[in-house]
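The same subunit A turns up in both complexes below, where it pairs with subunit B and then with subunit C.
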Partner chain A sequence: MAQTVPHNYSETGLNLGFDIELRKVFKVFNGEAAVRGVDLNIRRGEFFSILGPSGCGKTTTLRLIAGFELPTAGDILLRGQSMVDVPPYRRPVNTVFQSYALFNHLTVEENIAFGLRLKKMGRGDIQNQVREALRLVKMEEWAKRLPAQLSGGQQQRVALARALVNRPTVLLLDEPLGALDLKLRKAMQMELKTLHRELGLTFVMVTHDQEEALSLSDRIAVMNRGRVEQMGSPSQIYDRPHTRFVAEFIGDTNLITGKIEGAHPTMLWITSAEGRQFKVIPVDTGNKPLTSGAVVISVRPEKIHLQYEPPADGLNYVEGYLKNLLYLGTHVNCQLQLTSGETLVVQLPHGFEIPPPDTRLYAVWRPEDSLALPNDS
Partner chain B sequence: MAALPESQPIDRPKHFVWQMWFSVLMFGFMYLPIFVLGFYSFNDAPNSATWAGFTLRWYSKFFQDDRILNALFDSLKVAFSAVAISAVLGTLMAVGLARYRFPGKRLYQNVTYLPLIIPDIAIAVSTLVFLAAVSIPLSLGTIVAAHVVFCLAYVALIVSTRIGNLNPYLEEAALDLGANPFQAFILVLLPELAPAIISGCLLAFVLSMDDFLIASFTAGGGTNTLPMEIFSRLRTQVKPDMNALSVVLMVASGVVAIVSETIRYRGEQKRIRH
Partner chain C sequence: MPSAKSKDKDRTPAWLVRWLEPLVLLFPAGVWLVLLLVLPTLIIFELSFVPGIRPGDLVIPSGLGNYLRIFEPLTLLVIGRSLLFAIGTTVFCLLLGFPVAYWLGVIAPKRWQNLLLLAFVLPLWTSSLLRSYAWISILRPTGVLNSLLASVGLPSLDLLNQMPAVLIGMTYSLLPYMVLILYASLEKLDRRLLEAAADLGATPAQTFWWVTVPQVLPGLAASSLLVFINALGDFVNPELLGGPSSMTAARLIYNKFLGATPDWGMGSAMSTMLIVMVTLSIALLIKYGDRRATDL
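Entry: the complex of A and B
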């Protein structure tokens, strides 16, 4: 079932057209807006994730694409065709449900054949395609079992096969790995990525797990309170968050609140609440550049260096004492108690000797390693 | 008896404790009369409490009694019709209540289950008064109608419970795979609900077969259900062939009830791991 649609992983590469477009989509439930003016363009063949905390409207957005919900306003296009009046059973999309929603009265085989039978496909063709789908998810030997006789991970595979066998234009995945334990989840992430590469289908996945979104996706839309806060590649989202929410939600970060004292297109001078001066190189977010007002500086733990002496001019630094060590396997994070009363998380470089508790430490970072974001929350 | 403090470990002695004796007493109180009845159904004495030897003649006697067989036939007709109607209506009602929102839904839901609480005599009298008021002549059909009232409640209750435990996304999964709403209902929802529907029907069947009160109020001339026939014979005297018939009825009801519970339990087990 491999298709040979060429697809595009690069951020700036040739645009092959959109599989799904959401235009100013709103969804109101009982007077409460779950989705407020979402615009999305999902490219053909890409692995697209909708990421956000629970209640941000991400699942509703997916259900709007699948057709289980109708938008209150706005338009949803699939390969340029408006889908708003098309019921779910005529849309060329298939869904992998969070709870799998396997049919308990049917065997694994019959579950997978369900969609093909409805299409009135011939018996032999159905058999071949079901076998192929079972092979794809490595479930051949379980064909005759009932869903209740399978483990969670196996049910997940059946749900995937049941959707994929219909060769949808777009595969929708609603928190597909949410119910699996950590180890199985990691293994399934790899398999999802492999499946996506082999099939060349457009995958749209909803998840609240930022690590999962970062590792699997070509592009990510971060949603909050019914809106898309930012859309971009994993590195854009991680390295260049546009809002305080995105900076906090994706990865670990330190936030320092302050006020802009001086602005230049290449440099911002910011004074923190405690009166300390910081320099930040502004980045183009597509929004209006920051020139004044309350901001929050975001510095990732791995961008900060620790040293025993104050740094040379031109670098940002704060001073404090070691408070806690957090051993994370691949690296060690430490929490600094700053003289200003706040705490700062710093990733210790490899081989860094653990300082004695009462040694004064300087946490240093370059202006280009931090971001200034509007302090909107 | 004072409640034990919760932290104290419960260390029961192995021999009989008072709870055990209490249970034995309760079960004895409930089931001893039935055993006595069963015992006398094998008694060769025509109408006395003295034991005159083992016989099966009371069993063979009622099987040759035309009036009893006719009454049994009437009862079966009523039970099958009432259950068939209730199965369809009850299932649709349960699905409708679970899947759709409409004004007055809560009220509707509570009214549905009302026949489970209302005393049979109240249903019987009010049905009779109603039928008289709209001048519908009493017949076998009126018993069926009255039985549908409570059969429907049982079927709807059991099917509703099952729907409540069902994965709410099953129908959406069917739609997603290309089934229209009707196909989703027939191909997915109905098979998933089948154990509950069957179990509800069997329970309703037993209740309809056993009902005396409602049937006796709503039966027309010439119709006579089995419980009515038994009652009319008992009014004069207790005959051993009625003992035998009661034993047969109880065993049959018991078997149906056990089958019904087994089906429901199996269905739940199948579903329990998603």
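Entry: the complex of A and C
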């Protein structure tokens, strides 16, 4: 299985490939640790997302990179240079703020020119670059407006242009689409992706929206309670979560608690509380492999098959009654009331004939479609 | 469903409510204003056209003579001195008040803000007369200030009955207004804008000039104007601290009405001129000062 994080660069001292490195970064506010030993390596030119629930420390992490907060411990490097003693106004990063933070006393073009004027750039150069930035975000016609005269989506574009026009080494985005409605958010996601591809800049985005992170990012760091739980590509995060938290936070999943009965490098034997037997292929998390103790088996709804008879080998299945059908447009999910008392969500395959309510059903999956994760919470 | 019309038959008609509501609510204050502000102002306006009127004379409006007398050198000097005091007081209040208000509104811990503000505004609760007398006892030749200076071997200062004493007294009296209004403006300052400025490469000093000051400009204008107007009309401080050399417009008006040689016409003309000046500056503030302000 592929190694998820290439630690090798920084360990050999060769950090040419990284724009940002966080090394064992801690941030304590009034005795409470918001960030607890975060290590991040963000590659040059990638779209990197920091994903997590509110209060997980993701925004604090971004603010540490921008320089608005100072780390309590640890080091932050930008292209190999320690940034800890560098004030925000000397860091080669620019931020798109969640609230946009546009200067309401300045027009759109004055907002965008703000950073260039501070650099003492010539009037003509400023004008050209502002025009170019306006074109990039399709806001040419609104140059003379004040921010208060713009819609949320337009303000968002201005905030983006104001940051991009300074040609930062890294663009930081703090929940950039959080304040937009669903349709606008989808459109802006596409535009962000396009901008990233066209500009080739390193983007670091903070979001709580797992769908947004999965669809936009090259790599994602999932944060929980001040720590990075897992870092990897969207498919690694989704298909091979390393922890129960990641499995539950990213996408929908079903969790079955059990205990390891037998361990083999390529196969785990697990017995559920109900006494059912499961075969699961172990995940290579880079840590010590699971060999014993309490675990949860994670199975995604789309990986489960429904049948009317138990499987012949008597392995990897649960039984229950059809409880609810959830029509989701592209597919139908059904809820099974299991004999163990829990519920299981199964995505019905196309063309599956919907059985009447209270039908006894068997939910079956292949060992390679499930994961065994330490039951830590 | 019964229509609202048929149900509310004995309800006061909406159009009547629309007329009655402001009348009822504004009546008491309106009477007060008309009797004690509008009518006296009109009387003064009328008197200003009567040259050399004394108490008991008949009112016969007779031309612009009083206004022309304003342009006599001695009167112009007095008006100029008033403006100088008012501008000086405004500048001193700004210089002293802005750092205080900034510290109170932006830096001081939130839970201490109200208490600290109270401490700065406390002087407002004492009589202005009392405050001036306090300054007399501090500034007079044998006062607190000179005792202190003498005790450290410095020469004594003769400030009382001079212009510096007037400026000190007026600045002291009006500083709380400056701090109060600026604080209200600075307290609302969006800190995220300061971060955005830093993010775009602005040093703290640049952030202050290009973001903080424009953001609180409406508050700056309002507080400066309030101090300016109050200083222009201040009578107590120039009278008690200024001595004969600090004749101001307000003192001159007082003298024209209640002094040894009353001249109500001239006093009224000067009052009218002061009222017009103040009204004009407020009008200018409303017209131009508020353009980009959100609320104040």
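Criterion: the second predicted complex is superposed on the first by the 358 of 377 C-alpha atoms of A that agree within 3 Å, B and C clash if a C-alpha of one lies under 4 Å from a C-alpha of the other, contacts with A are read in each partner's own complex, and residues count from 1 in each chain.
The rule is simple: a residue touches a chain if its C-beta (ideal position, glycine included) is under 8 Å from a C-beta of that chain, and two chains touch if they have at least 3 such contacts.
Model, not experiment: these values are computed from the prediction.
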item	value
When subunit B and subunit C are modelled together on subunit A, clash or fit	clash
Which of subunit B and subunit C A:Pro87 touches, first, second, both or neither	both
Partner chain(s) touched by A:Gln210 [first = subunit B, second = subunit C, both, neither]	neither
Touching partner for A:Gln230 - first (subunit B), second (subunit C), both, neither	neither
Contacts of A:Phe114 with subunit B and subunit C, given as first, second, both or neither	both
Which of subunit B and subunit C A:Leu146 touches, first, second, both or neither	both
Which superposed partner A:Ala66 touches (first subunit B, second subunit C, both, neither)	both
First (subunit B), second (subunit C), both or neither touched by A:Asn254	neither
Intersection of the subunit A residues that touch subunit B with those that touch subunit C	66-68, 87-90, 93-95, 97, 99, 101-106, 114-115, 118-119, 146, 162-163, 166
Touching residues on subunit A, where the partner in the complex is subunit C	66-68, 87-90, 93-95, 97, 99, 101-106, 114-115, 118-119, 146, 162-163, 166
Residues of subunit B that touch subunit A when the two form their complex	167, 169-170, 172-180, 183, 187-188, 191-192, 194, 269-274
Residues of subunit A that touch subunit B when the two form their complex	66-68, 87-90, 93-95, 97, 99-106, 114-115, 118-119, 146-148, 152, 155, 162-163, 166
Subunit A-touching residues of subunit C, taken from the complex the two chains share	190, 192-193, 195-203, 206, 210-211, 214-215, 217, 292, 294
